[in-house]
Amino acid sequence: MSHVSIQVGNRADVHYLLRIADACLILSQRLGEWCGHAPILEEDLALSNMALDLVGQARGLLTRAGQLDGQGFDEDQLAFLRDERQYFNPVLMELPNSADGAGRQPGDFALTQLRNFGVATWLQLLWAALEESRDVEVAAIAAKAVKEARYHQQHAADWVVRLGDGTADSSARMQAALVVLWPYFNELFVDDEVSTAAAAQGLGPTWGDLKSDWQAQMDEVLADAQLKPPKPSAYVPAGRLGIHSEHLGHLLAEMQYLQRAYPGGKW
Amino acid sequence: MSHVSIQVGNRADVHYLLRIADACLILSQRLGEWCGHAPILEEDLALSNMALDLVGQARGLLTRAGQLDGQGFDEDQLAFLRDERQYFNPVLMELPNSADGAGRQPGDFALTQLRNFGVATWLQLLWAALEESRDVEVAAIAAKAVKEARYHQQHAADWVVRLGDGTADSSARMQAALVVLWPYFNELFVDDEVSTAAAAQGLGPTWGDLKSDWQAQMDEVLADAQLKPPKPSAYVPAGRLGIHSEHLGHLLAEMQYLQRAYPGGKW
Amino acid sequence: ARKEAAFEARIAAGDFIEAKDWMPEHYRKTLVRQISQHAHSEIVGMLPEGNWISRAPTLKRKAILLAKVQDEGGHGLYLYAAAETLGTSRDQMLDALHSGKAKYSSIFNYPTLTWADIGVIGWLVDGAAIMNQVPLCRCSFAPYARAMIRVCREESFHQRQGYESLLVMMRDGTEAQKAMVQDAVNRWWWPSLMMFGPADKDSSNSEQSMRWGIKRISNDDLRQKFVDATIPQAEVLGVTVPDADLKWNAETGQYDFGAIDWAEFWRVVGGDGPCNRERLATRVKAWDDGAWVREAALAHAKKQATRAQAA
Amino acid sequence: ARKEAAFEARIAAGDFIEAKDWMPEHYRKTLVRQISQHAHSEIVGMLPEGNWISRAPTLKRKAILLAKVQDEGGHGLYLYAAAETLGTSRDQMLDALHSGKAKYSSIFNYPTLTWADIGVIGWLVDGAAIMNQVPLCRCSFAPYARAMIRVCREESFHQRQGYESLLVMMRDGTEAQKAMVQDAVNRWWWPSLMMFGPADKDSSNSEQSMRWGIKRISNDDLRQKFVDATIPQAEVLGVTVPDADLKWNAETGQYDFGAIDWAEFWRVVGGDGPCNRERLATRVKAWDDGAWVREAALAHAKKQATRAQAA
C-alpha cells in the first residue's frame, strides 16, 4: 500500500457513504480512548465493544465507497490516507471525550454517553432506512448494523437516564454536556445535494428524513433523564463538507501515523 | 526532502550530540503545549520563549550531528524522520506536562517548573563545559546557549521556591511533582561508552562529571523551597539508548505528521 | 463643561492626550473597551496558532511560530498596560472577557485546519489587522498610540513571514501543498474582510470615535484599502480569492468586490461561530486551573515581605 | 481438624472443591490472592495494549486489538466473580490493588514502544500466560478451574493472532518492519521468561500450592516448556532471541538458556520498573474520576426502587 495521500472523486453516492463511514470510524476512534480508563470495568467492555462494532460498520461502508469511487481504494487507504479536508464525518464525532477539549483520558463520561446516545439513535434510524437501499451491499451492511445500533442506543439511553436522574452532581454534568453537544447535533440533519441525490437514486434517506423520529426518541429519553433541551443554536458545523474542528487533525495524526511512517508496509 | 525514515550511524560523537539535541527538542515540544494555557500571561511568554531557545539549541546540535554522521542528514531530517527508537533524549523530557499522563492542556504547572529547573540546571552546567569543547562548532553553540540556560534556570528556580514555599496546596503539588520526577533525574548522570568516548576525545564532559554540581544547586533550591528530596529510586530510564516511555510515540505522531503526510514538501 | 470644551479643542488641534490628563468619561470608557478588546484578541489569537506549534513542519517554521505567538502575548501585555493607565486592572479586564461581557476579534472563532492556515493568518489576518491598526498609531490617546507603533512594527514582520511561507509552498511545493494553500485562502478570505467591522452605514460606535480621533478611517474605506493591497499579492502568490464578483474597476482605480455575508458576521459575533464556545472555555479553564499558582505566588510574596521586615 | 483432614483427603483424591464446600482459611486466602492478582493483571494489561488502539495500522488490526482488549476485560470480570465466591468483593479487591497491597503481573510494567510490541505481547506474553494457566484448568478449586478453561481458550486465540501478525510483517513486510519486530522480541524476551516467577529454589509460596493442587507444575519446569515451545516458532518467524547462551541440548532434548537477570526481576516486582508508578496511577485515576458515575448509578437505582415501591 502506497503512503501518498489520496483524494476521492465527486460522486454523490461515494460522499453519502463516506459521511456515514467516517462518522463510525471517527467515533470509534474516540471510544477506543476509554479503554482501560472507564469508571467501571463493565464500561471498559461496553465502550470497546461499541468501538469495535463501529469499526466494523466503517469497514463495510469504506469498502463499498471505494468500489463506487472506482479508483481502486480499499478500506485502509480510505481510512488512513486521506487528508483532513477529505474526511466527511459530522464534527460531533471528532469532539474530544471531554467538553473542554483537554485530557485524552479518561474524559467526561457524561458527554461520552450523551453523544453515544445521540449518535446511536441517529444510526439506528439510518441503518433501518438503509436496509431498504437499492444498493444490496449497503442493505446487507445495514441489516447487521441496525441490531448493533439498537443495542448501543439502549445502553447509552440507560446511562443518560441514570446520570441525568442520579445525583445533583451527575445531573449537572449531563446538563452541561447537553449544552456543549446541542449545536453539533444540528449537523446530523442538514441536507444538501449529496443527500438529496442519494435519496433520489434510492441509495438511502435524506438526512432530514430522520429528524422527527430522532427528535422524538431524544425528547423521550431526555425527559426520563430530567434534562432540559437547550435553546437552539444558529451554528451548523460543516464536517460533512470537510470543514472540521481543530480536534480532527490531532486525532488523524495519531490514527494515520504508522501508515505514513512505514510506506509500503504489510500489516 | 524525502519522507522515508532515516537511521543514524553508530559514532559515539553523533550519539553524544543527539542525546543533547533531542533533550532540547523534546522538552521544547512539551513546553510549546503550554502556549495560551498558562496561569498568567507572563508565563505564556516565558514558556514559549524557553521552547524557542530550546529549538534553537536543538537546531545547532542536530546540524552538527548530521555533519559528523556523514550521511547528509539536515536538522529537519534528523528532527522529523527518525523512528521512535532512534531518539536519544532522556525520558524525563518526554513526560507529559502533568504527572498522571492525562490532559495535554494546561498540564501541571508545578511539574513543568520543577522539570524546567532540573533540566536548565543540567543544561547550564553542560553548556558551560561544552564551551571548552574541541569541536569549535559545538563550543560556539554552547557559548550562546549557556546564557539562555542560566536565564531558564533562574526563572524556574524562582517558581520552584515560590510554589514550594507558597500555600499548603502549592507546596503539596510541588512535593508530588518531585516524587514523580525524581527517578527520571537519575538518567541525566549515567555514563556509558558514548559519554566516556566523548570525554576522551575532548568533545564534552561525561554525564557523571556534572552530577555533584547539579546536586548541589538542586539541593539549595529545594531547601529554599522547603521541599524534601524523596528516597533514591532504583529505576534508571534508558531514553538515551532509545528505550522510551509510552508518551514519546504520541508526541512524535504529532510532531512528524506533516513531514510524513506531505512527502517531498517544501516549507 | 469647561474641561470638556478644552478637551475637545485639544482633540480638534490634533493634540495627544496622556493618561494623567483630564478626559470625558465616555472617551475613557470607549478607550478601555477598545484597548482591552484588542488585548483580549491578542491572547485569544494565541490559541488558533498555538494549535500548530506541535505540528510545525520544520524547525525553522516552529521557531518562527513560537516567536510569533510570543509576540502576540507581548502585545497583549502592553495593551493591558496601556488600558491600565485609564484606571482599570488586568484582572477586571480578564473578568469581563471570561464572563462574556468583553469581546475579542471574531476572526479567532474560526479554526486553523491545516498548516497553510498559519501562513494565511499571517498574510490576511495580520494584514487586515495592520490595516486597522496603522491609523491607531495616530490615535488621540498617546499611550495607545505608542503601543500601536510597536504592535504594528511586529505585525508587519509577521505578515511578511506568513506571506513568505506561502510563497515557498506555492513556488517550490508539491501539488498537495498548493491545494492546501488555496483551500486556506478560500476559508479565510471572507472572514478577513469582516475584520473591518460592519459597513459604515451599520456601524454605531464609529462616528463618535472618529470625532475623538480614536478612529481615523472608516470601516469600508479600510476594507477597500485592504482588498486593493491584497489582490496583487494573491496574484504574485498564484492563488485566487473566492469571490466571483471581484474585478478591477479602472474608473475608480480600485477593486470592486462581492457582497459580504453579514448574516454570518453577526452570527459569529453573536456567539454561534465554529469556535466561540471553545475559545472562551479554553481561556477560562487556563485561568481557573491556574488560580492555585497565582495564590501561591501571592502567599510567597507576603511571606518574603514579612521576613524582610523581621530581618 | 477433622474437617481439615477430610479436605486434605479430597485434594489428595483429586476432587474439586466448590465455593460452598468447607476449606481451610489459608487455602481460601491463597486462592483469593492468586485469583484477584490474576484479575488485576487482566485489567492492568489492558493499558499497554490500549496504548496502541488509536494507532493500529489497519482497520482489521484495530478490530482485532479492540476485541482482544475487550476479552481481557472479560477475563477480569469473571476472575473477579470467581474470587467473589470465596467471600470477598470486587471493591475490596480493587481497593487492595489501588493501595498497592495487591500485585499484578510485573510484565505490564514494561512499555509498548512500537506496534510490533502488540504482536510480540500476543506471541510471547500471552504464550507464557497460557503455559502458566493451562495447569490451572485442573486447579483444585472448581470455579477458578472453570474460569481458566475459558480464559485459556481465548488466550490461545490471542496468541495465534499475535504470532500471525508478526508473520505477516516478517514475510511480506519492509526492512523497517522486520527490524521493528526483532527489536520488540529483544525487549520482551527476558521479561517473558520472568513471567514464570522466581527459580524454584527461591519460590516461597509454591510448595504449599503444589500440595493443595492450586499449582500443578513448578516455575522452572514451566519456563523450560515455554522456551522449548517458543524457539522453533522464532525460527519459523525468522527472529532471534537475545540470548547468546541459548542452544539445543541433544542430551536433555531441551534448550539450554542463559541466566535470568533476577536483580531486574526483583527491582521491577518491587516497584522500580519503567511503568509501575504510571500503571497504578492510571488505574487509580480512572477509579477516582469515575466515583461520581458509580454514585449516580447507585442513587438512580435507589430512586427507581423507591418509585417501584410507591407504585
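Note that the chains are named A, B, C and D in the order they appear, and that numbering of residues resets to 1 at the start of each chain.
Note that in this section contacts are C-beta pairs under 8 Å (C-beta built on N, C-alpha and C of every residue); 3 or more make two chains touch, one makes a residue touch a chain.
According to UniProt, the chain labels map to these proteins: A, B = Phenylacetate-CoA oxygenase subunit PaaC.
Computed from a prediction, not measured in an experiment: that's the story for all the values here.
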item	value
Shortest walk length in steps over touching chains, subunit B through to subunit C	1
Which of A-D and A-C has more C-beta contact pairs	A-D
Remotest chain, subunit A as reference, centres from CA atoms	B
Cα-centroid distance, subunit B relative to subunit D, in whole angstrom	36
Separation of subunit C from subunit D, taking each centre as the mean of its C-alpha atoms, in whole Å	57
Overlap residues in subunit B, where contacts from two or more other chains coincide	5, 83, 101-102, 105-106, 253-254, 257, 262-263
Residues of subunit C engaged with two or more neighbouring chains	55, 176, 282, 285
Category of the chain touch graph - line, ring, star, complete, other	other
Interchain contacts, given as pairs of chains that touch	A-B, A-C, A-D, B-C, B-D
For the subunit C and subunit A complex, residues of the former touching the latter	48, 51, 55, 111-114, 176, 180, 183, 187, 267, 270, 272-278, 281-282, 285
Sites on subunit C touched by subunit B in the complex	43, 46-47, 50, 53-63, 66-67, 69-70, 73-74, 76-77, 80, 115, 165, 168-169, 172-174, 176-177, 282, 285-287, 289-297, 299-300, 303
Subunit B to subunit C touching residues, read off their complex	25, 28-29, 32-33, 35-42, 44-45, 48-49, 51-52, 55-56, 58-59, 62, 75-76, 79-80, 105-106, 109, 161-163, 165-167, 169-170, 173, 251, 254-255, 257-259, 262-267
Residues of subunit A that touch subunit C when the two form their complex	5, 83-85, 99-102, 180, 183, 233-235, 237, 243-246, 248-249, 253
Sites on subunit B touched by subunit A in the complex	3-5, 83, 101-106, 250, 252-254, 256-257, 260-263
